[in-house]
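Consider the two complexes below, in which chain A is the common component and chain B and chain C are the respective partners.
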Partner chain A sequence: MSYTITSKQLIFTLISCMLGAGILSLPRVTAEAVGQDAWLAVILGGIIPFVSIWLSNKVVSRHPGLSFVALTEMLAGKWAGKILSAVFVIYSIIASAAILRVFTEVITMFLLPKTPILLKIMLGLAVSAYMAGSGIKVLGRLNEFLFYVLIPTLFVSIPSVIKFADIHYLMPVLNNSLGDYSKAALTTGFAYSGFETIIVFAPYVLKKKETLKAAVLALIITALIYLYTVITTVTVFGAELTQMFTWPTLRLLSVTEIPVLERIEFIAIIAWIGVAIRPVSNQYFCAGLIIKDVFGMKSLSKVVILLYPIIAAIAWYPKNIGIAFRLSDFVGMYSLILGTALPLLLLGLSIIRGKGRARDE
Partner chain B sequence: MKKYRIAPKEVKPVSTMKFRTKASAGVMNADSADFFDRTAERLRKDLSGNADVIMRELFIGGNENLDALLVYLTGNIDKKLLNDSVIKPLMTCSGLEGIELSGERLKESIIKKCLQTGSVRYSKDYNTTLRDMFSGEGILLVKGIEGFIIFAVDGGKKRQISEPETEKRIRGTKEGFIEDIWVNIGMIREFIKDPMLRVEMFKIGQRSQTDVAIAYINGLADSKIVDEVKKRIKKINIDAILSSGYIEQYIEDNPWSVFPQLMGTEKPDRAAANLLEGKLLIITDRSPFVFAAPAIFVEFFQATEDYYEKFQAGTFSRIIRLIAFLIAVLGTSIYIALTSFHPELIPSELLISFARLRKKVPFPPVIEALIMEFTVEVLREAGIRLPTSVAGTLGIVGGIILGDAAIRSNLVSPAMIVVIAITTVCNFVLPNYSMTLSIRLLKVFLIILSATFGAYGIALGLLVIVIHLTKLESFSVPYLSPYAPSRFRDMKDALLRMPLWMNVKRPVSIPHTDDTRAVNNREKSGTGEN
Partner chain C sequence: MNKIHKYILLSSVIIINALSLSGCWDERELDELAVPFIRGYDYANEEEKMQPDDKYLISAGFPVFYEDTAEKYHVDITSGSLDGEGINNRNTHFGEQIIQGQLQIVMLGEELIRNENIMELTDILSRNPVVKGAIQMAVSAGRAADMLKAPVKHYPNPGIYLQVLLENIRRTNFLPTSSLFEINRHIVSNHTAPLLPYIVHKEGNIMFAGSCLLHDGKSMVHLNMEETEIAVLLRGIRGRGMITFDVMEDNKVIDQVTFEGKNRRKVKVKKDGDRYIFNILIKLSGRLFERKKNEPVIDNKDFVKLSQKSLEDLIRKRAEDFVAKVQKEYGFDALELGMEIKAHSREKMAEEDIDRIIQDSEINVEVKVQIENAGGKI
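Then we have the complex of A and B:
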């Protein structure tokens, strides 16, 4: 493999896969599930992704130097491997489209209410196609760079938190049934969707030993950002009110008025465009890369151009925001299943076939 | 100023000219006399249409058996030097009595006894010798020697070393590069007297035969990059190189990008600083712009003064430049997006006065902006072409009268004038002229996006620019380093400028082979390490 990313870039790539449209609605989703224990749901939600990351790393590290397509074809056989790749490609395409659609809904709500949806989708997707077509090296650098530039905008909400937050909104702790918590863990697990791309990105990491550490760190950073978002929103609005807003995270920003700028949430949305375009591009890239490898094509940009109308069409398909949310819930579910079943299956095959470790050492 | 010459290349005789290399020493023989006559005849024929080529016949040392022919370009040589150090000593040369009048001894004697110039070479190749003559060197053809004696008397008109217009500085050297490549190399040598500073010469351009030099510090610059630059320079096949910009456009990594990928400078101290970071310089004859490769984005925000002043002032200016850059690129498009798409973002008092001012203007903000941008760009173009005295008048007429009249006739709103004026001024804060040209293009790109999609368009446009910058590489060095990929060590001297004594290592972004730049002499010693 000619292109590589550093383990540091893997951290940021995984964070950008997970952190996207979900962050704006996360406080609502968690508050609906377990009320004031929303922050607990965020932590619980990280369990399945953690298991998935651990399994994926196990599989990849047993067969170093093999890309995702080569790995599946070696372990599951030529045709079954192609089917597994296809499952992943379909997931990536739908995920990319779903995030893009939710992203476009936010743009419609806050920035461009009158412009046709399709036009906004096409424009956003064109930028993310440009990003996806640049290859893994540039993607790694971009994910890192945009993280540093944009994540600080999360903290514009600090003034309103200091002014209005009431810690009592988080009380009483552990007031729900066990069933509620496990259900909440599942629904917040959706917010982490994107973690399963580690199985595609991990083979390209320069220092193999640091892969797991980097991936777990990525998960922890994402969880901390989610925790921050959920805790600040719930402490300001309370669990009841949080459920009423479509995008509670943005509402939090509109609480404070900063002199000169009438509405601070605009700055956050503009910065957030850069945040949310990354999971779209990363999923887009994954789909493109796998297709390219399956068919043994040379140019990634051609695949990216071919995928463009497909993703645009899927993103355009939902009639309204409700269906768009359902599409993204579907992606979350798909992600959890794919993220655990696929590495588990591959690991099982790898152990049965006895390939890997013994031969490599 | 001392001249630096490359060693004469080994020249092969061309097939069209048959030299008798086995000239028998001793008596003057018919062959060498024949060579002299034939070559003189050929020179007269080949150079017949060139009025500026002077052919001077003379007898060396007054000996009528020693015919000689001196050929030079009258416009490109130092006449005083030619008369005093070449013609006069040749004609009065007295050390030739008693030696054979042909062959090796004669050549040695003439070179060592009669010619009083610094650089003298001997060549047998007719064609390369002619080229050397056209580069401003004198050639001497002597009866009895089967070859040419080439000596440097180049001089003639040279521009005085002066302060460059595009890179004015308050501190640091006032010298700027001039057109003569040897003077420029000499100026760099005066800053770095390290014998490891290597200068390699190329001749590029089929017809122009332009001297192109690359300079680097051996043992500091990365050899892969040096080889890559050499390879790319050698691949240039063009009839003429008229400016260093030609070289830049031929060797840069992405010719479609609007961003400059080589750092051009007219200042020897800046060139030297680049050498010391492990970069190499591309110096082109007839062009005062020296290019340093590889270049990274943040460098275009750095001025040499940042290092000469105290670090607090340096860091402050760099941050100011970054803000100015952002305003120059984004100012107009943000104004358009705010007024035509998101008026709710503007504080209400300001919005009211904006609305009152814009009430009489019949155009949408984007047309207003394009009218004003066009006016500013036209004024700027005209300002470059016009003589300085008229340019001042143009500034007043264009800037003040036109702006005022535009507002009075309700063509544009006063707020727009303010925005355009600020962005234009911010544009010129950047220390590099090539980058200011790129900013103009980016500005138009973002104006169009913001006029169609508002803030969404601006955000996406900025993303495209960032993606493009991340993709760019200059000689395999990522253009956006040390930020993407992040290299924390280099951030001490990127947008921030930490104290000099803290930057003890060279930046890792630029590959190099000698890491230590300085020793931190302020570290407390004796008390133990902290």
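Then we have the complex of A and C:
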């Protein structure tokens, strides 16, 4: 297994961690929070991930060459470090399972309604396991390749937008209270969950100086994709109708027909499968890598195989789509707390203990 | 894990995926499918009810795929208190699996639509992700079930005929079409009355006979062809069509011409205290399609200007009459102004608020006609 990725691959890896099933329901979530100002919620939602990325980069750059496990154990002590690693592992496992379940729900609704959920979970997870077990370099390359699959699927909504979009649906601007915007920023912040994995991936970047720039670029690209999705959906449906669809982004594709192709949403879903499997694989990889390092194991593949039934069981647990969404919301909240608190704690420890670059210099 | 193990694992994953996802649970035999492309809704008469408490009569038109059958089109009629129940009842006598993804047209019976909220009727369609939002909706004069069975000339069945008619009507006439998504958007996001085509079966032909404004299940207003045309222009439903009119000079008719072109609408909203002022600008641009007098247009330098002015006056007069009718008689938003009102107000607007504003506001109409060409003969 190779242990390095380029800063370009870090961009695509972080985008892959953030962009998944959330993009399909994001317009609904943001429209519910602040109506026609949904686009503003997307921008505000990026603030916490930005702070987290900056903090994580600060910590990692003070201790170059140290993996996440080595970093936590050096700064927090051996046992406290292991506890922090465990917290991250639990998060990654639950996140992987939650994303997989939401992904499965979309497949159930649009493509395979009669195939048992457990089977779809197991098959989807098998692909993710293969990707996660292949190591960080293969994962980085796959994340980059599959990103290019996303681009055409975004543009298939253009005919609907040209035919039906109306800018009036975004007006009046700034028509909510400050409290509403704060809540919306938090809710939308969930959609960026996955950004916290930078603390795991950053130590493997070849050119350390480019890490922050790459991570911020990843956040900006993700925010732009989210903005495009939310603005196109709200300008076509209006804020009220957007809230009525479980997956408004996909519904947008069904309002117009393209000659010959006709039902473009099914083509988009097939392409989207490749996109949505990436965050599952990335979180799966993070969990596996941290466990391997904590226990000093040599083989990542064995850890990946051991984790397989655990993730599958958690993904299978929700009895219905409502519980699956609640699990997804929980992951979003966990992500914001973990993504901010963990790097802040490690940075604090690094400064207090006088370790890292400051002392080296 | 060595290379051979990896290949074995990868091959296993691909084979299991391929077998599990394409086989077993979601497999469907093509000749065991029924693919309805037109559906109708009516109230069920007593003798039509499969269960005593059934309310609706739900009809569906299917192409027949079997080769050795006399007819290639079949209309199946069931009843139910909800649409889903109707489908369930259909399954008791219909062996094939029903696939809803190719549904193209939904016809709503006139009596039903006068009394029922369209959103409740079409909920099953909006909720089903397989049903496209672009599905066309229309109101049938009389019963929708009869319309589905009506014989049509030169077409295999009325479903295909209606599909072609509705698909092309906005390219040839200033008449409306309304998809499932557009109806939902009018009602939920704009609080505007949807405008649906009104279809009749007359003397062996299925044809447009105006349109219907639906107001939240509380009322239905039928518009004749002339009112429909003006409603389309006022609402800014983009289309392309022809208008024949008299060319006037000093209040005298000097000729008769046909204009052919496209329409656009612009709305400016102002507020005078609590009162809204709407300035609707209807723009028509196109060419002179025909002229009654066989004289070159170029002979009379002002002829094009006179034609423009005459058409502007005609459309403005009709539009003002229609606006007055909307404000005094209908009392709801039939002009697609709800979206404009909501965009210019910082208050949360309910449907009642929009209706009140429409009744109380000042609505001015301006028409601009641009004749760009006079055809092949100048």
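Going forward, the second predicted complex is superposed on the first by the 354 of 361 C-alpha atoms of A that agree within 3 Å, B and C clash if a C-alpha of one lies under 4 Å from a C-alpha of the other, contacts with A are read in each partner's own complex, and residues count from 1 in each chain.
The definition used in the following text is that contacts are C-beta pairs under 8 Å (C-beta built on N, C-alpha and C of every residue); 3 or more make two chains touch, one makes a residue touch a chain.
Note that this is a predicted model, so its numbers are computed, not measured.
Within the superposed three-chain model, A:Met244 lies in touch with chain C and out of touch with chain B [touch as defined at top]. In the superposed pair of complexes, A:Val127 makes contact with chain B and with chain C alike. Contacts of A:Tyr148 after superposition: chain B is touched, whereas chain C is not reached.
Applying the stated contact rule after C-alpha superposition, one finds that A:Val200 touches neither chain B nor chain C. After overlaying the two complexes on the shared chain, residue contacts for A:Leu186 are found with neither chain B nor chain C.
In the overlay built on the shared chain, the residue A:Ile270 is in contact with chain B alone; chain C does not reach it. Contact with chain C, but none with chain B, is seen for A:Ser299 once the two complexes are overlaid on the shared chain. By the touch criterion defined above, A:Pro172 reaches chain C but does not reach chain B. In the superposition on chain A, A:Thr115 makes contact with both chain B and chain C. In the superposition on the C-alpha atoms of chain A, the part of chain A touched by chain B in one complex and by chain C in the other spans residues 111-112, 115, 123, 127, 130, 263. Those residues of chain B lying in contact with chain A across their complex are 341-342, 344-348, 453-460, 462-464, 466-467, 470-471, 478, 480, 483-486. On chain A, the positions that touch chain B within their shared complex are 6, 8-9, 107, 111-112, 115, 120, 123-124, 127, 130-131, 134, 138, 140-142, 144-146, 148, 259-263, 266, 269-270, 273-274, 277. Across the complex, chain C meets chain A through its residues 1, 9-10, 13, 16-17, 20-21, 24-26, 101, 126, 129-130, 132-134, 179, 181-182, 184-185, 188-190, 339-340, 342-346. Interface residues of chain A facing chain C in the complex, by the touch rule stated above, are 109-116, 119, 123, 126-127, 130, 133, 164, 166, 168-169, 171-172, 175, 237-241, 244, 247, 250-251, 254-257, 263, 299, 301.
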